[in-house]
Amino acid sequence: MNELMRRMLWLPEQASEYARRVDGLHFFVISTTMIAAFGVFATAIWFFVRYRRRSDSDVTPVVHPRAIHEALFIGVPLALFLLWFAIGFPQYVSLTLPPPDAQDVFVQGKKWMWKFAYAGGPNSVDTLRVPADRPVRLLITSRDVIHSFYVPALRIKMDALPGRYTQTWFTADRPGRYEIFCAEYCGLGHSSMLGELVVMPQAEFDDWVAEQRRNVLAAAQDGGAAVQPVLGRAGVVDEGRRVAAEQGCLKCHSVDGSRHLGPTWTDLYLRQSKLKGGKTVVADEGYLTKSMMDPAADIVDGYQNVMPTYQGRMSPPEVAAIVEYIKSLRTPAVRSGPTEGPVYESIPRKQ
Amino acid sequence: MAGHPQDAGHAHAGREHVHHSHFGRYVAVLIALLVLTAITYVAAKVHLPGGWAVVVALTIAIAKGTLVALFFMHLWDQRGPNRLVFVTSLVFVALLIGLTVADNATRFPLANPPGSPRAVKPPGFAPPPEGGDRLVR
Amino acid sequence: MNPSPASSDAPAVLPARTYLNAPDTGLMSWANTRDHKRVGVMFLVSTTIAFFLGGVFALLIRLELLTPGPTIMDAMTYNRLFTLHGVVMIFLFMIPAIPSGFGNFLLPLMIGAKDVAFPKLNLLSFYLYLAGAAVAIYGLIYGGTDTGWTFYTPYSTTTATKVVPVLLGAFIIGFSSILTGLNFIVTTHTMRAPGLGWNRLPLFVWAIYATSIIQILATPVLGMSLLLVAVENAFGWGIFDPARGGDPVLFQHFFWFYSHPAVYIMILPAMAVISEVVCAFSRKNIFGYKAVAYSSLGIAFVGFFTWGHHLFVSGQSVVDAGIFGVLSMFVGIFTAIKVFNWTATLYRGSIAFKTPFAYFVGFLFFLVFGGMTGVALATLSLDVHWHDTYFVVAHFHFIMVGATVMGFLAALHYWLPKISGRMYPEGWGLVAAVMVVLGFNFTFIPQFLLGNEGMPRRYFSYPEHFWALNVASTAGASVLGFGLLIVLVYTLASLRWGPVAGPNPWNSRGFEWATPSPPPPENFDATPVYTSGPHEYDEQAVPQPQLPEPEPRHV
Amino acid sequence: MSETTALNRLAHHFESLDKQQQAARLGMWLFLATEVLLFAALFAGYGVYRYLYSDTFVRASRDLHTWIGGVNTVVLITSSFTVAWGLDFAARGRGDRTRLLFGASIALALVFLALKYVEYSEHFHEGQLPGRYFTYEGLGPGPGGPIFYALYYLITGLHGIHVVIGMTVLAVIGFRAGQGAYTAEYHVPVELAGLYWHLVDLIWIFVFPLIYLA
């Protein structure tokens, strides 16, 4: 019955006990809505047929309601609605009361990606891994505008407010992969701000965390942070970093490998990129300089033409310094971004 | 004065304005308002503890406002709809203020602005360094 | 002075002197008019233009969503387009269309007045509307505003596109709305003709009166919050800016304090129309006059207590959520009362299935379904799943397009003879009505399912598994658009070639039919005196000897 | 004479002058209701931030010159009184006295604005400016100070605009009253101008404790 209703209403799979409870209410609410709507409609249609105008001189009686009619008109729907509320409100309240033993995950929305951080590491982008059958509390925030963290399969959603935290929690009980959407309009990339929730059995999750922490440690021993500017010509690079910050480049280009409004600068130098229209280009000094002067000329596929020209806004030495800074941003291995964990077959969705 | 076409109307308007002056009433209200202003001024200088200063100040303000509305603005001797309009608007003001402040007072504390003393961090709350306190501008 | 039944030999010519040709027909006489009927007609024309403009934007949006990726435009254009669609439809069409258009035309006629209380303010209201519309559209097109009509901070205060002109445009239109509401309330209070007590007031007037209350009390808060956003955007004063300690959720409180009641500004006038139409076409007294009349006031007041149900996932407190949640359950009751009473009115009526009635049928279905999904949305835990998904989009389109546009179209057909003196073609009317109602269902029922499946709104592209339902929705939208186009064509044609209607083509008992169609500039030759209500049909029919005994008055 | 004047005042679409005046009064009250709601949004904003940054707000309001606020309150209350008195004369057909008293009210309003100017220029000097322009250091760190001053300027600024509008209205109506445009039967414009001015006073009565005595 649950499965039939779920498919009829095109609801996504139910990955938690909470989702199943909410769906129970959903089925009840939709059924009463349907019955009421079609009840009213059937009555109306019956009246249309039964009392259709037979001649232009038809006479109609005066019909006034009795108190009982109006009492029923008010009482029946009100009782139903209050019943809905009485079921729905406790469910909503339960979402705001995470159990004390819940594992905390920090969620940060940013145009247009999701970052997840576990206490003690690791961090990940766009992929949230959680253990099955264990309560997980999400502490959600945003770097820029309001986003909304939405997992349809869990029936949960919570806005990410810039500068402050909101919370929600869930206990996923079905290992698998589920979609994460941004549900609050946040600009150009709103509809591509997608993420993935990976629910894994506790043991595999523990293995994954241990593996990730080892990697981070190794990277730290390799050379400090994951992103370590190659030194040399340090003065120019520092100058480039300063100019980039002043000119606001870093508002759209990240230096940690993450995707933002524009392509990241990490490992950008000499990278091959596919342009809009299919051409390929190598990001050498010439391309980087041209991109600052005439950004619209060669747009990398998948990005919007939103960058203003810096022609006349920076002196040639400043441009050169930025290019040197970009050249300095090279990593032995880029460590950010989702790391591959065990792969689960997602439960097949209907077509 | 013969042939008065709007007897009913003038009876009403006349009752209010023509037959007797309200001057005495205005003076009494003015004195009351000045006295209340003095009281609220002194009360503020005393620096009452806690939230009492606001409560006292607002109570006196409401009393003064009522005097102005009733006598200077003649709600005392005006028709029902006008009174209803004004009272209704005040009800909605109270509604808007009450429910927005109630929201801030009872929400998840960290959902309040981080600079506010009301945004109490729970013990053991340790966000990652790129947490919400830093904002991209 | 209640309207008399139409005699069989209705005049085949239009009255010689009407508001359309007296004092004269020049452009200046319209631009400078004080006549509420002319102001109403001007509002009708401009809101209808806005409606078709917004409709074109809607069709472009649906076309873009025909395939998962980019179809005919890029993301920026799409974001601007849905902002255009929202702002134009809500501020330029929905809010003024029925109150300022039909309300202006009909309200004085229905209460037997010569004009509204403040005719100059009324004209000013129209010019404010035009000015606001011009500023807003300028801002939308040249500024490329991409915030959506909700202007949520901090997106609206940090976006690179220009937002301030649109905010100012909406602010100015707000004043237009306030002036109209103020005028209607004062008119209803002070200008009713003799014999027209509150308990005999047409239900149209009751609902427009309730609408005006909302316009007066809610619009200033919108104006102030839009100004605050403009100040924030232009000068960075920090009231809503999280980086300066401001609270973006506070903006949502302010915005919905207006915009939730504004939903009732949009739906109450449609209910006003429907109350008139259902009586006229079933030739029956309204079932439960007081219930229908007072429930309008109930909606107006309780509608103010529910704004927080737009903030269930915004970080609002549980206490507020509970208060707003339970109060939202009550506002649905008033709509339920109306629906049941309208349906009961049909009982033992004499129903003529003309075009306005066809739209009543559509309205009834859309309102019940849209209304109940609205209450379902206010059920807190369900809202967490549905919030900001296509379920919400489908719900409010059921109310706004479904119910309000059906009300608008019913009004257009019902009162076209009153306004223009000519009839529309009945056959085409029914064909278009069927297309509109079916097309509407095909457009928005798939969107309910999309919302269930989890597709968020304002998505430029979407994962492939949402594809099928989106195609269905776009297909339905094209049928809906085509149906509306037919309405436009035959309405314009009938203004010139339609058969002359006569003063009361529907045999309605509504007071506005007691004067020639189109009415003379001063509405009535002499001040009317009312001896019976506008929804009383019992003693109207020509008595025939073979009829059974009259029914007892209380059944 | 007075009747004919009164009859000329009757607009074509009203049945009687009484109805017309009733309509004008109700219209004015509805307009005042919209004004109240306009300020309501600001007061709600004030309430929220007063709650969130209560300490800073208290300190900020103690920084202000309470005496200026107090004197301004007395000034506005007195101007309200003179307006009410002026209406009293208008109701007895003494338009010349109305002009005199409205003139007194305008003079008091000028005193109000002058004091406000003194206050504003001091704030500008101290860097007590809204939002991102805030440079004053007397309130310690945190966003409470800039927000207090943003609200301060919004509320007192909007109120100041209303004072200026009210003065203009009083000037026009007072001048016309002096010309004998109104009679004991028809003086509804005087009444409406008075209502507007009392509302300006009424709002200040609430602004004063909120801003200066918090």
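Here are a few things to note about the model shown:
Labels A, B, C and D are assigned to the chains in the order they are written; within every chain, residues are numbered from 1.
Throughout what follows, a contact is a pair of C-beta atoms (placed from the backbone, for glycine too) under 8 Å apart; a residue touches a chain by one contact, two chains touch by 3 or more.
The structure presented is a predicted model; accordingly, all values stated were derived computationally and were not measured.
Chain centres computed from CA atoms place A at the largest separation from chain D.
Nearest to the global CA centroid, when each chain is reduced to the mean of its CA atoms, is chain C. With centres taken as mean Cα positions, chain B sits 43 Å from chain A. Distance between chain C and chain D, defined via averaged C-alpha coordinates, is recorded as 36 Å.
If each chain is reduced to the centroid of its CA atoms, chain A and chain D end up 49 Å from each other. Note: centroid distance chain B to chain D, computed from Cα atoms, is 14 Å. Residue positions 81, 88-89, 92, 96, 100, 104-105, 108, 111-113, 115-116, 135 of chain B are each in touch with at least two other chains.
Annotation for chain D: residues 19, 22, 26, 30, 33-34, 37, 40-41, 44, 48, 52-53, 142-144 touch two or more other chains.
Within chain C, the positions touching two or more other chains are listed as 189, 217, 221, 242-243, 245-247, 249-250, 253, 257, 315, 318.
The full set of touching chain pairs reads A-B, A-C, B-C, B-D, C-D.
The part of chain D that touches chain C in the complex is made up of residues 12-15, 19-20, 22-23, 26-27, 30-31, 33-35, 37-42, 44-45, 48-49, 52-53, 130-132, 142-144, 146-147, 150-151, 153-154.
Those residues of chain D that touch chain B in the shared complex are 3, 6-7, 16-19, 21-22, 25-26, 29-30, 32-34, 36-37, 40-41, 43-44, 47-48, 50-55, 66, 70, 73-74, 77-78, 80-81, 83-85, 87-88, 90-92, 142-144, 184-185, 187, 194-195, 198-199, 201-202, 205-206, 208-210, 212-214. On the chain A side of its complex with chain B, the touching residues are 96, 106, 108, 110, 115, 117, 119, 123, 139, 141-144, 161-167, 251. Interface of chain B with chain C (complex): residues 81, 88-89, 92, 95-96, 99-100, 102-108, 111-113, 115-116, 135, 137. Those residues of chain B that touch chain A in the shared complex are 108, 110-114, 119, 126-128, 130-136.
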